[in-house]
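See the structures that follow.
Each of the next two complexes has subunit A plus one more chain, namely subunit B in the first and subunit C in the second.
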Partner chain A sequence: MLKKFIDTVSGRISRPLKYYEDICVRCGACIDACHFYAASKDPAHIPAYRMMLVKKAHQSGEAGKGALLDWYRDFEGADSAMAAQLRTAMWECTGCRRCAVFCPFDLDTGLLVSSGRYAMLQEELGPEIIAEIGGAEVSKGEIIDFIKEFYVEQTKELETRLREEFDPGLEIPVEKEGARVLYVPLVGEHAIIPAAKIFHAAGESWTLSLFTATNHSYFVGDMVKAQQAANWIVQEARRLGATSIVYPECGHASRTLLNYFDAWFGAEVEGMEKINIVNLTHQYLKEGKIRVKPELFNVPMTYHDSCSLGRSSGIYEEPRELIQIVATDYREMTPNRELQWCCGGGGGLIAAAEELYDARMQGGIPKVEQIRKTEAQWVVTACENCKAQLEDLNEHYDLNIEIKGVIDLVADALML
Partner chain B sequence: MGTIEYILTYITPYIAVVVFFGGLAYQAYQWRQAKPIAAHLSLFPRPESRLGRLGDTLVEMFTLRGLFRVNTMLWIGGFLMHVGLLLLILGHIRVVTDFYFLWDWLNWGESELHTFSLIAGLGAGFLFMFPLFYLLLRRWGGSVKFLSTPEDFFVLYLLIAIAITGNHMRLVLEPDQHAMREFMQGLFRFNWQPVPESAGISFIWHFALAQVLMIYFPFGKLLHTIGAVFSKMVARS
Partner chain C sequence: MSEFSPEKTLDATGLKCPMPVVKTSKEIKSISVGAVLEVLATDPGSMADIMAWTKSTGNELLKSAKDGDVFKFYIRRVK
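Let's look at the complex of A and B:
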């Protein structure tokens, strides 16, 4: 039982995980950190318990050395009960790292789950759809020439529309050589429209990537494929001579850009600017490259810190400053910033739409309560995953809110 | 002195020391062997400069201010216990040698020193022992119960037993300090001296359990003493 999981996970205990395995004192500080545990009270949702499960599996190769050792390690064998618990522990986690902030040793359950998920998939325990999307992102690069024509055509249509609606001079360049900025969008035009407006207003030399920023292999801890998917974007930037890679309002992708690209690509991305669109927009505004109508939106609104952008990338103040310029009634959720509750849909859970729907709705309860307390009508955030989850929570719990992106607000308030 | 007592007094201490240092070296080697992760696993906010991050780690380690913010009760229990432990370790230096320069400087004689060590020893001993009871109690109920393994109880019972026997010597028996120092120095110099009679039955228990602690130390969760520094640096990489 669980042999593939045990073999795989044993080979994936990296140095930080080894520290976790050896030094966690099970003090219980992380119990209050997890939004899943807050809602479910299922022990398998306690961050340190997730490590206990993996540790037991990891050490089970040494089981049968004697009843005393097994008792001491609280080990009852890698049976189906353990498999069920592992399934909960590894998949009903958003890798939000709130527990790492609570932990006196900063032990990282997000990293544990990342490694654990990959091992779970070897055992076919878990939603394979996430890994399949990840695989498609890798193979997209090989067929890009076939879909390019269609993509350019669609972009032209969007450009024509925006010229009528926004400004006749607006351009959406694709594959433009010599552009300073390579903007990597998401699937769908909603991530292109506000960015195109802002780039146009700032007079930026930019081009649209043929790829999307999302990286589903990263969600399942398949770092080889995650790197392969990201490599298409790096090579595109190099081919076009772009000196800045700009990522859209997408948490996990921005985290790979800001925290993994240097390790993955080394010299190939050296000297290249790597920045999230929210921070870039903030720069434009500070430098006077764009101007916005101040206090345009007279609606009570709040900001939700995406875990990947906040805790894992340190983007806390820029989105808040942008919102506070264009809004009259900004309200802060409590707690916020590094203690912000996760929306409950991150870490790829949103991609496994049906399979993890119940868990997501349950895990979103602390967030729902936080939002209700602010009595805000708009919830602004800068992460695609959070937006999709907040939409679902809105519907499921009748929150009567609207979910907006930070750059959506800025784009709507632009003065040309 | 019986055979068992003789072994526990003059032979096993050397084994405990070897296992303690050997075990730590083994664990350091294990950690060294594990593959590091090249990506940044930082938790924000964090100081920008390298020195700032090291400073932040040390301040965090010695104050546990992060825990104070999210779980004040646990901070009170955990932090006081560790402060007590630190004071006890400092105090135990006097079992081998003494801070002669300090007492000279303070101009303290035998009686002042006796009063001081009684108060300090009592304070540190209780500061260590009472939080341990709290840490044990909270493992019996509530959510922490799910997280508690036999190891967690073993360590707590062990530490409590060491604390009780130690406090018993400090408060009730008050062994002859000079004779005790000669015994301990004798162990270091392989020039074995008798244990002072005044240390009573508590001594052999205290001494033997401390050896159990040393032997267990490198192979269990007490490794957090050392690992926490590395782990906290990863989160500020």
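Let's look at the complex of A and C:
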């Protein structure tokens, strides 16, 4: 039972993970930090218990079998009950790392869950669709020539429309050699339109990537494929001579860009700027490259910190400053920034669709309560996953809110 | 009826990516190996996504076509 899981986890136990397994004293400081546990009271949602389950499975391999301290570890053996608990523990987690903030030893359950998820998929336990989408992101580079013509045609249609609606001089360049910025969007024009307006207003030299920033392999701890998918983007930037890679309002993708690209690609990205569109927009505003109509939106609004942008990448103040310039009535959720509650949809859970829908709706309860307390009508955030989850929470809990992107607000307030 | 006689049709129109791929992945498992699934989608991103998904999963994309605002895909389940 769970042989593939145990073998895979054993093969991936790195020094930090070994340290985590050994040092967690199950003090319980993390218990109330987890949004899933806050709503479910299921022990499999307790971060320390998640850690303990993986440790038990790991130690139940050949090396641990029959060891003298089996009784001490409360070892029941790798059975179907353990598999069911592991499934809950590994997949009903968004890797938001709120538990790590409360841990006195800074143990990062998210790192453990990442390895655990990869091992679970070897057992075919969990939503394999997330890994399938990740695989498709790797394959996209191999078929890019087949879809390029269609993509350019679609982009031209969008450019024509924006020239009529926004400014006749607006351009959406694709594969433009020598452009300073390579902007990597998401699937769908909603991630291109506000960025194109902002780049145009700033007079930026930019080009649109043929690829998308999302990286589902990262969600399932498949770091080899995660790097392969990202490599298409790095090579595109190098081929075009771009000196800045700009990622869209997408938390996990930005997390890979800001936290992994240097380690993954070393000299290939040395000296290359790596920045999220929100921070670049903030820079434009501070440097006077763009101007916006102040206090344009007279609607009570609040900001939701994406875990990947906030806790994992340190982006807290820039989005808030942008929002507060264009809003008359800004309200903070409590708690916020490093202690904010996850929306419940991160970690790839959105892509698992119905399979994890109930868990997502339950895990989003602390966020729902936070939003209600603000009485805000608009909830602004800078992450695609969060937006999709907030839309679902809005419908499920009748919140009667609108979900907005930070750069949507800026783009709508631009003064040319 | 198309030239490929699909065993099933998935209507993914109106869904934003990655949902067309998510639904396609689920539906392909509900048809027989060797049978064809017809997928209808309206998100332009589905063109690249479904083509890349078939390549990475080993299923065979027999044809993709645009019919007005609807993209049609014919996918043979291989395994």
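The definition used in the following text is that the second predicted complex is superposed on the first by the 409 of 416 C-alpha atoms of A that agree within 3 Å, B and C clash if a C-alpha of one lies under 4 Å from a C-alpha of the other, contacts with A are read in each partner's own complex, and residues count from 1 in each chain.
By our rule, contacts are C-beta pairs under 8 Å (C-beta built on N, C-alpha and C of every residue); 3 or more make two chains touch, one makes a residue touch a chain.
Since we're looking at a predicted model, the values are computed, not measured.
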Which of subunit B and subunit C A:R15 touches, first, second, both or neither: first
Which of subunit B and subunit C A:G135 touches, first, second, both or neither: second
Which superposed partner A:A353 touches (first subunit B, second subunit C, both, neither): second
Contacts of A:G188 with subunit B and subunit C, given as first, second, both or neither: second
Which superposed partner A:F150 touches (first subunit B, second subunit C, both, neither): second
Touched partner set for A:R97, first subunit B, second subunit C, both or neither: first
On subunit A, the residue positions that both subunit B and subunit C contact, one per complex: none
Subunit A-facing residues of subunit B, complex: 27, 30-31, 34-46, 64, 66-67, 70-71, 74, 78, 138, 143-144, 146-152, 154, 221, 223-224, 227-228, 230-232, 234-235
Subunit B-facing residues of subunit A, complex: 13-20, 22-29, 31-33, 37, 41, 43, 46, 48-49, 52, 71-74, 97, 100-102, 104-108, 111, 258-260, 262-264, 310-314, 316, 337-339
Complex contact set, residues of subunit A against subunit C: 129, 132-133, 135-140, 142-143, 146-147, 150-151, 154, 187-189, 212, 214, 216, 351, 353
Residues of subunit C that touch subunit A when the two form their complex: 16-19, 21-23, 25-26, 43-45, 47-49, 51-53, 55-57
